[in-house]
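Input: structures, listed below.
One chain, chain A, appears in both complexes that follow, with chain B as partner in the first and chain C in the second.
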Partner chain A sequence: MLSVNNINVFYRKIQALWAVSFDVMQREIVVMLGSNGAGKSTTLNTLAGLLHPSSGSIRFLCQEIQEMPSFKIVSLSISLVPEGGAFFSKMTVNENLELGAYGRKDRGKNIESLKWIYEIFPVLKLKGKKLASTLSGGERQMLAIARGLMRRPKLLMLDEPSYGLAPLMVSQTFKTVKQLRDLGTTILVVEQNSKHALAVGDRGYLLENGKIVLGDTCENLRQNEYVRKCYLGL
Partner chain B sequence: MKLFLDIIISGLIQGAIYGLIAVGLNLQYGVARVLNVAHGEFVMVGAFATYIMYTVFGINPLLSVAFFSPVSLIAGFLIYKNLFQFIRTSSETAEMFEGNSMLASFGLLYVIQNLALIWWGTSTKAYSYLSFSVGFLGVAFEANRVAALFVGVAVMISFYLFLRYSILGKAIRAAAESPVSAQLSGIDVHRVLGICFGLGVMLACVAGGLVSMMKEITANMGFPYLVTALIVLVLGGLGNIVGSFLGGLIIGLVTAAVMYWQPELSLVASYLIFTIVLLIRPQGIFVRQTNGR
Partner chain C sequence: MEGKHSPVNKLFFICFAWLVAATLPFYSPAYVLLSITSILMYVTLTVSWTIFCGPTGYISLATATFFGIGIYCAALLGSSLPAPAVVLCGGLAGLAFGVLVGLICLRLSGFYFAVFTFGLSELVRHSVLWWEHNVSGTVGRWVTGTSITQAFYSLLVIASLSILAAYLIRRSIYGMALKAIGESEEAAEHAGINVVVYRIAFFAISSFFMGMAGAAMAAKFTYIDPNSAFNPLISFTPVLMSLFGGIERDYGPILGAFILTFISEVLLSRFPYFYTLIYGIIFVVVILFMPRGLAGLLGSGHQHKFMDH
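Presenting the complex of A and B:
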């Protein structure tokens, strides 16, 4: 479904990603692990079109997308929920959700998505008329994910969805990720919370200093000596 | 009492014009981050265009204003797309873009102003339209001024509703708050910012058309309007559209009051308000404080 081939990404003169390659198949949960500054956010932002690789290619459903601006990539039904979430704090929850489907003409589909989202996140229905700035941290994270889901994306990318959440909320978030996959969404999730991520993921990659150093099924990764020592602290 | 009403209504008329111009500048600077110093020149262009339509073709100024609105919107959009978007993509940081785009708008200012000077010279022009007087709240006013007030307020209200309820208005607010999040929601931010710039030009032209109904116009009338708009922008808060309109009304009222007692001091009074606001509430007087965030 998504195939990343040898991308090199720079911030001006500083190289952040070095020949990164990986794949995501339909209906998979792929996790990408890495410590601070490894290049996880850079990877997702490049896939979303906020950054462009200086070389290499990104194919999504038989289309090369590495040069596309991000609003076009969004319309191909790739959604990114960036680090800290993307939402508009001066707007109401409902307005945020409406903007998540910006540009889609089919009103029936919007109402359908909204219903679906309210089922997954009932809180958002209750707080629809509130300003997003009045939500709690966990509710904001839900709103950010929900906004990304409004278009019913084929590929949902989550950048550290558990960051800053209480332990209970973390398990809740990963449960939601699993639920979304079961409903047919393909998910690429970047995490520092390796234990949880490896428990829900199908396959995983390790990113270190801008390079992919290992890729395997999550099951194998959980057994891997190096992963156990450096990522799971066992 | 009559004097009081006279000042209030004159102030509101003037204030509505200031408000329109300031809202336009707010869309350009508060949302699109282009500090367009040529903004006042578009007021002048709107005034002269309306003047020519009336004196040469006999077309009703209010009709001209309605006709020039979409034209100026498109012109502004094209200016953004061909000039400022180019500067935006070639500037490495937001600060660099603000600096470069302001310099570019200085260029725009000189081009427009010199063309106007070549065309019309320094002479003042005026025409009379709806110049009979009408009683308004018990005070006699020239009908054209009352019409300008109503049109100004109507434009502002429709503009407010547009921003609040239309999907494009929501996209504009989203792009103003966070361009990156807006992109990720599928909003073509360059297009939306271009529309904001175009709407700014449109509001300036509308204001210019209304001014031409009431006052003498000259090729260099634009700059004072830019200065007033900047003062109003600070007063109402950057990015705060309602604040800009209310700020415009306040400056209009103050100017009208000072005008009555000491005409030479009216600009001084505006500056004084500006300085005081900058000192005590640099975020603007209509910006609500959100607890610590």
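Presenting the complex of A and C:
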């Protein structure tokens, strides 16, 4: 579905990603693990079109997207939920959700998506008319994910969904991620919380200093000596 | 909403106000007409300023530039074209320059945007001044005057159009997109909003109305020079009026423009020496005690009006 081929990404003169390649198949959860500054967010931002690789290619459903501007990539049904949610705090919850489906002409479909989202996140229905800034941390994360889902994306990219959440909320969030995959969404998730991520993911990649050092099924990664020592602390 | 503010009543009120305004020249003395005309000019400038700057929160201080461009359009074309065509040309010139400015300041936001637009409007003023002195060899220009009634009617039409445009934009999906851009351009881009195109387009639309207002007002000024046409005060007043009235409501900027123009006309005739002092005090009081403007005092505190279903 998505295939990234040897991309190099620079922040001006500093190289952040070195020949990164990986694939995401339909209906799977791919997790990307790595410590701070490994290049996880850079990878997602490049996929979302906020950064452009200096070389290499990104193919999404048989289309090259590495040069496309962000708003066009969004229209191809790729949604990014940035780190910390990045929602519009001065707007209501419903307005935020509406912006998630921005540009889609079919209003009937929007209402359908909204119903679907209320089913997954009932709390958002209750707080629909409240300002987004009044939500709690966990609710904000839900809102951010829900916003990403409004467009019914083929690929949902989550940047550190556990960021700043209480342990209970973290499990809740990952449960939702799994639920979404079962409903047919393909998910690419970037995480520092390796334990949870490896528990729900199908396949995983290890990113270190801008390079992919390991790629395998999550099952195998959990058994891997190096991963156990450095990422799971076992 | 309670019955007092039902849509039918609102519509009735708007029609009534418009009818009163439209028949004004038949029974009001000339000086009243003159002050109403300048009120309408400030209404246009404030409302069109709010179209872009209200939802995004980017403070543009280039209103004088677009207004002045409209005025100079009228000075150059006034004798050869009929009045409505002159006004339209002023608007189009404003629109074109708005696109240009929009393109130049794409990456700017926050106070960089404010400082840049202010610098730009001063640059334009001095450039025109230089051009008039050294190339055309004049200090000012005469504008083919029209009757005050005609100036009044053109401003009434322009003000109504700008209010209608502001109302429609605010209630459309574009209004929400502009608000999203103001909060975070990056997040707006993530939401699939073409930030570049929207920024330029709506900045240019507000410039369009400012240009038209300038072209229509020129006929009233009869004599213009760069310093009066590109007067920096024109850049600041819409900001003050809009804040005074309250930018969260549709009627805020209209109310602000109405009341502040009225107050300043009264002050100017009663206390010519303390005029700016009193005006300044009023404004300080407003900012300190009514941060959401007059509309904030009048309204029920329900701020999120435009996307309720």
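Just so it is clear, the second predicted complex is superposed on the first by the 234 of 234 C-alpha atoms of A that agree within 3 Å, B and C clash if a C-alpha of one lies under 4 Å from a C-alpha of the other, contacts with A are read in each partner's own complex, and residues count from 1 in each chain.
Rule of thumb we're sticking to: a contact is a pair of C-beta atoms (placed from the backbone, for glycine too) under 8 Å apart; a residue touches a chain by one contact, two chains touch by 3 or more.
Because the structure is a prediction, the values reported are computed rather than measured.
Asks: Record, for the superposition on chain A, whether partners chain B and chain C clash or fit.
Replies: Clash: chain B and chain C overlap once superposed on chain A.
Asks: Thinking of the overlay built on chain A, is A:Ala199 touched by chain B (first), by chain C (second), by both, or by neither?
Replies: Touch status of A:Ala199: no partner.
Asks: If you stack the two complexes on chain A, which partner ends up touching A:Asn94: first (chain B), second (chain C), both, or neither?
Replies: Touch partner of A:Asn94: chain C, not chain B.
Asks: Look at A:Phe71 in the shared chain and tell me whether it touches chain B only, chain C only, both, or neither; answer first, second, both or neither.
Replies: Touch partners of A:Phe71: chain B and chain C.
Asks: Once chain A of both complexes is superposed, is A:Ala86 in touch with chain B (first), chain C (second), both, or neither?
Replies: both
Asks: Kindly list the residues of chain A that each of chain B and chain C touches, one partner per complex.
Replies: After superposing on chain A, chain A residues 48, 50, 69-71, 74-75, 80, 82, 86-91, 95, 98-100, 102-103, 147, 151 contact both chain B and chain C.
Asks: Show which residues of chain C lie in contact with chain A when the two form their complex.
Replies: Interface residues on the chain C side: 173, 176-177, 179-180, 183-184, 186-195, 304, 307-309.
Asks: Note which residues of chain B are touching chain A in the complex, please.
Replies: Of all residues in chain B, those touching chain A are 92, 167, 170-171, 173-174, 177-178, 180-189, 290, 293.
Asks: Under the touch definition given earlier, write down the residues of chain A that touch chain B in their complex.
Replies: 12, 48-50, 69-71, 74-75, 79-80, 82, 86-91, 95, 98-103, 133, 147-148, 151
Asks: Report the residues of chain A in contact with chain C in the complex, numbered from low to high.
Replies: For this pair, the touching residues of chain A are 48, 50, 69-71, 74-75, 80, 82, 86-92, 94-95, 98-100, 102-103, 129, 131, 147, 151.
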